[in-house]
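The first chain written gets the first letter, and so on, giving A, B, C, D, E and F; residue counts start at 1 in each chain.
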Amino acid sequence: MSSEIKLIREDGRRLDGRLPDELRPIKIEVGVLKRADGSCYFELGKNKVIAAVYGPRELHPRHAQDARRAVVRFRYNMAPFSVEERRRPGPDRRSVEISKVSREALEPVIITEYYPRAAIDIFVEVLESDAGTRTAGINAASVALADAGIPMKGLVSAVAVGKIDGQIVLDLTSEEDQHGEMDMPVAMVTRTNTITLLQMDGRVTMEEFEKALDLAVAGCRRIYELQRKALIEKYSESRTEEIP
Amino acid sequence: MSEVLDEIRKDYLFNLVRKGRRIDGRAFKDFRELRVKTNVISKAEGSAWVELGQTEVLVGVKLQPGEPYPDTPDKGVMITNAELVPLASPTFEPGPPDENGIELARVVDRGIRESGAIDLEKLCIEEGEKVWIIFIDVHVLNHDGNLMDASALGAIASLMTAKIPCERYGLGDDEPLPVRDSPVSVTAVDIAGEILIDPNLYEESAASCRLTVISNADGSISAMQKGGIGGLSPEKTKDAVKMCVESAKEIRDKVLRGLKPT
Amino acid sequence: MSSEIKLIREDGRRLDGRLPDELRPIKIEVGVLKRADGSCYFELGKNKVIAAVYGPRELHPRHAQDARRAVVRFRYNMAPFSVEERRRPGPDRRSVEISKVSREALEPVIITEYYPRAAIDIFVEVLESDAGTRTAGINAASVALADAGIPMKGLVSAVAVGKIDGQIVLDLTSEEDQHGEMDMPVAMVTRTNTITLLQMDGRVTMEEFEKALDLAVAGCRRIYELQRKALIEKYSESRTEEIP
Amino acid sequence: MSEVLDEIRKDYLFNLVRKGRRIDGRAFKDFRELRVKTNVISKAEGSAWVELGQTEVLVGVKLQPGEPYPDTPDKGVMITNAELVPLASPTFEPGPPDENGIELARVVDRGIRESGAIDLEKLCIEEGEKVWIIFIDVHVLNHDGNLMDASALGAIASLMTAKIPCERYGLGDDEPLPVRDSPVSVTAVDIAGEILIDPNLYEESAASCRLTVISNADGSISAMQKGGIGGLSPEKTKDAVKMCVESAKEIRDKVLRGLKPT
Amino acid sequence: MSSEIKLIREDGRRLDGRLPDELRPIKIEVGVLKRADGSCYFELGKNKVIAAVYGPRELHPRHAQDARRAVVRFRYNMAPFSVEERRRPGPDRRSVEISKVSREALEPVIITEYYPRAAIDIFVEVLESDAGTRTAGINAASVALADAGIPMKGLVSAVAVGKIDGQIVLDLTSEEDQHGEMDMPVAMVTRTNTITLLQMDGRVTMEEFEKALDLAVAGCRRIYELQRKALIEKYSESRTEEIP
Amino acid sequence: MSEVLDEIRKDYLFNLVRKGRRIDGRAFKDFRELRVKTNVISKAEGSAWVELGQTEVLVGVKLQPGEPYPDTPDKGVMITNAELVPLASPTFEPGPPDENGIELARVVDRGIRESGAIDLEKLCIEEGEKVWIIFIDVHVLNHDGNLMDASALGAIASLMTAKIPCERYGLGDDEPLPVRDSPVSVTAVDIAGEILIDPNLYEESAASCRLTVISNADGSISAMQKGGIGGLSPEKTKDAVKMCVESAKEIRDKVLRGLKPT
């Protein structure tokens, strides 16, 4: 993962001009899909993802039901044209793993006990990818869950941190990920100060890891504010538009 | 229960149509509001986000060098796929395309292929060895009826604005994709004996039969596909085809005119 | 699809000697398979297809049942040796589409309301192929349905029309299809004057399409007579052979 | 309900057999009426439509040039597949071959392969590069028992009448496929302690155990396969094998003698 | 299958020093896996297989149940590293066939009538392979069934016989199988003198077949004694260790 | 019924943990008894049978020449797969790996890959043409919890004792695989707010959340993976990671020290 490419410039800024602890531009739109019970479009730099939530709804087959709570399902999927080289449709091993850890990042906040035997389905489609799609997907899904009216203990916010040119930085681009020394996606529930997703690959010391985790927590908090804002805007809008 | 609702809704639609009206106020021959935004995915060589009423479809076109088919060694290859991802409708399931997804992809493909819209011979890099492969991927985002027309429109709009990424593969400067026609798909349904253009989801499920006609700039027809478990008399079929071809002209003028790579 | 090969000779006849509106030789045998509830062997020129009908019978899994009518299923399949280059067994995209449109060509005549919750299964095997297998399959299936005693509103008859050397002709051979300018398979219910399958690919004017459709309708009517004849022969035979 | 019928039918068969009789009047060692029609599919290099009582199987043989296996660079390749298509029986389901289809194909394959009936060395076109690939495809049309023998017979009859399509691939004149033996499969079942040859469907489902023996013109044995959830004593096994080899001679004389490409 | 390699030495012994009617060394361990209801590790020369039995247990889906007896399922699987060239995981046609005939070799001794509607699952994993894995698997499975307490009419024992250098020999190695003229795996129930698996490929006379079968029967009897011994040891051990 | 038992068992475990105890008497930071036997499969280039309490995992490593990835033409290729075969647990089903098997394989893979333990550049045979492909296959034999650590340990032990089979492919003498680090996976779970190392199956199913940390000889960390539907505070996460790294050192000293090909 080491490289000869300089990823941090003389002025301490990264190749796209960001400071080490700076996020890429973020755009959040709530309720963009009409068929879904909840949905959210999320942009993070060049990443474009869209999440939809269906449910609580009936779960087939029956033996997959849980008598005590709703079953949460999560499907992360990349559009064939979302990456440089056209991707063959259908799940690969990477997307199966991402679907699993994303579900485990979100399930802790969903009050599944309210809906025994039901399914809550979360679908994330990656329309364009530039490193960070899994965290973008979790951010979108969390907002979509709220938009669907699913009772939650808090919003989940996610971001990756990494190490490039020996330095811990927030929110890697694809170029930084490729030539960097470490990548660590993190999701957390700001309200309860709980980390619900943590993955890492690369090679770092214990101290670097701790610094990276702190930076990720700070990043998640900033994203959390944007998620809240987007939801408030949507729901104050609608309050004026229509009486529920 | 939902079956009863289905019946009630169907009766309602039939009664409306018999009075010459549609559920959303359109005339029988009118499309819903239509918006096409191209170049929305920078990773793709061409792309178009189509909104047809509440139906939303994103089409991406990618080009890569690859091997030609043995029987057409001097022609590019075109591959069309459609994914009815479960995000787009409560009735779509994860998994490989079912018969609806396959039919959608194949009809979109035929419309473009048979019209000759793409000059595949210009996509030969080295005869018998290397040609451009065009991947047209239809990604349905919200299904509110008439995926066929939205997808076909997204496909041709993506192609008209696509570039051949020669540079990335060390094959000279990027070039526009050689597109020489603009096939437009128009779908009609039969409800209560009347022909309605661009059915929304309710109309689609109430219709006994669907007819898709893809026609070109000169008014010629390149593809047709009947769907659904009803039928039409030969006379009514001819009328429907005429309506579809007429309607295609309007759509072409409104949406496709002047599209080209940026 | 255009070509340099002449497909219509000086004398106005086609390469196999047929007139533009002439069908290839047709052979129909009813009730050829003993296990099936109904069956039909159908030859159209070199095309050889066999259709079997099973049902009405129980439908598994239960959630696939329709409480108001029978579910009609149709499977078109080509034998590996039916084509020039050996075909890998199993459904490809083409056969999935053909199965769908063929089912939609036949279902309009089947009185499915008589058998709620049941399945009516139609299987078509293409044993040899020379352009026209989907229409041959529909013709065979329609007779097999009648042979199985499934209540129907009429027989479905099917044929393709095309354009070769600028002329609209009936019932294309494989060679004509390959070098021709248009191919249009049509199915219709003669009794009710209803078109139940219509597909087209190629490039034709509105006028050419109308002419082609008229020719297809005429072709279907001729095939309908042959289907009726085959059924009458079979059932008058059996009436003498055995008291039902 | 159908289970009760099964039991009744089984008892009936057992009682018959104990009296030395079979449900269709045959002797224990007799085959049902057998018809083999070759060259029925002109698109195939060889083909045979086999009727064994009401069991019907169509076998097609195709040849195409392709790559040899790395460990036999100078030999042709033989691939056998069997499709139990749902047209042939209410119990067959669509989908890839299940264990019955796979067993059928593999036993048919072994009979031909191990007998050395095909001289695979003569099917080498260019060592290590190009050899003839033989595809034997068994297509079952009506399943009334003993698919094994019908399929194996269809396979060898197809091969004996097949031509190598050299012309189509620019490799000279067509030639007959080099077939130098005529393996014949005969299947026996054990019902009520008796050995019956060529079981029909009822007999097959009532039998505790099945034994297939494939033997050659010189009386040697090339393949055996026991099936079913019963067993046989070693002595009875030997008796059954002898009966099968005897029976194979008759079938060979009756059906395969003189078969060659037209 | 014929070859120029001499497989039998001047002194009448085989390349690994065995006499024609000699088995390779056998090692049997009973009850090696804790999660399974019964298990057995079996070595035959270099072959290493392990069998586990689960059941009688509930069978899903319901429509696969048999109201009159337990359904026996058998899965033979090779570890990817068990063979010279790494094997792609998942069932191939060979292992599907082996699973079928192995199940049919074992089912005759299982008293399935005791457990209507249940499943008895037998899993055999081949850890290392050197010709004879299917017979080793049947031997292991038979002991594992006994270890699981499944009521049985007898133990099933299996071995292959073959023909090399014109001579009938017991228990082929991989080298002998590859260069030999015939391979014939046999399973039998010693207690009832019943052959429950018989497969053969090669080319032999009737006399050779009969000789081979006799040798196989003798081989199965010797393996049966080893299976019994292993079970008796295990259960006399446990009797001292723990009161059931 | 089994749900009630689950709850009772979970309560019991929670109460134990609150008293500072574990069900099998271990301290929170202790591993179960651990045995690693290498070179158990002679057909494999490297192998290790790991027993971690009653959890048993067999890992085999195979090497074969093959093509490099286009973007790393001078590097060997490493492919890791895990099969949760139904022999190992009543809850495992036959079929392709599910999300648990895929996660297991990918985390094991990342630990080895990211640590740089294998010098992939030394596995290039001919740049851009031929490199060694390393297949690491995890075969789970008995699942009694913490498959992650057992599998990762089996993988590195197999690799450390593996030989490159140069001879078999005519590429000179066999050589040891170039292994230059010894990543060790340690998994912790949170039960009742306490961090426990190496959970057994009961503990695993009662835990709200799992954290796997793979660390190297120099104390650096190469991979982490949180699992389960609970979470941890940042502070507790840091504590858990520290415990895992500490524990890895012990395991490395006890089990991996001095391992090399025979």
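The rule is short, and it goes like this: contacts are C-beta pairs under 8 Å (C-beta built on N, C-alpha and C of every residue); 3 or more make two chains touch, one makes a residue touch a chain.
Since the model is a prediction, treat every value here as computed from it, not as a measurement.
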| item | value |
| --- | --- |
| Intersection of contact partners for chain D and chain F | E |
| Chain whose mean Cα position lies farthest from chain C | F |
| Most widely separated chain from chain B, with each centre as the mean of CA atoms | E |
| CA centroid of chain C to CA centroid of chain E, Å | 51 |
| Whole-Å gap between the CA centroids of chain C and chain F | 58 |
| For chain B paired with chain E, centre-to-centre distance based on mean C-alpha positions, whole Å | 58 |
| Complex contacts: residues of chain B adjacent to chain A | 41-44, 47, 54, 56, 58, 60-62, 64, 81, 83, 85-90, 94, 96, 135, 137, 139, 141-144 |
| Chain C to chain D touching residues, read off their complex | 33-36, 39, 46, 48, 50-52, 54, 57, 75, 77, 79-86, 89-91, 121, 123-125, 127-129 |
| In the complex with chain F, residue positions of chain A that touch it | 1, 67-68, 93-94, 96-97, 99-101, 103-104, 107-108, 184, 188-189, 192-206, 209-210, 213-214, 217 |
| Partner chain A, residues of chain F touching it in the complex | 3, 99-100, 102-103, 105-106, 110, 113-116, 211, 216, 219-234, 237-238, 241-242, 245 |
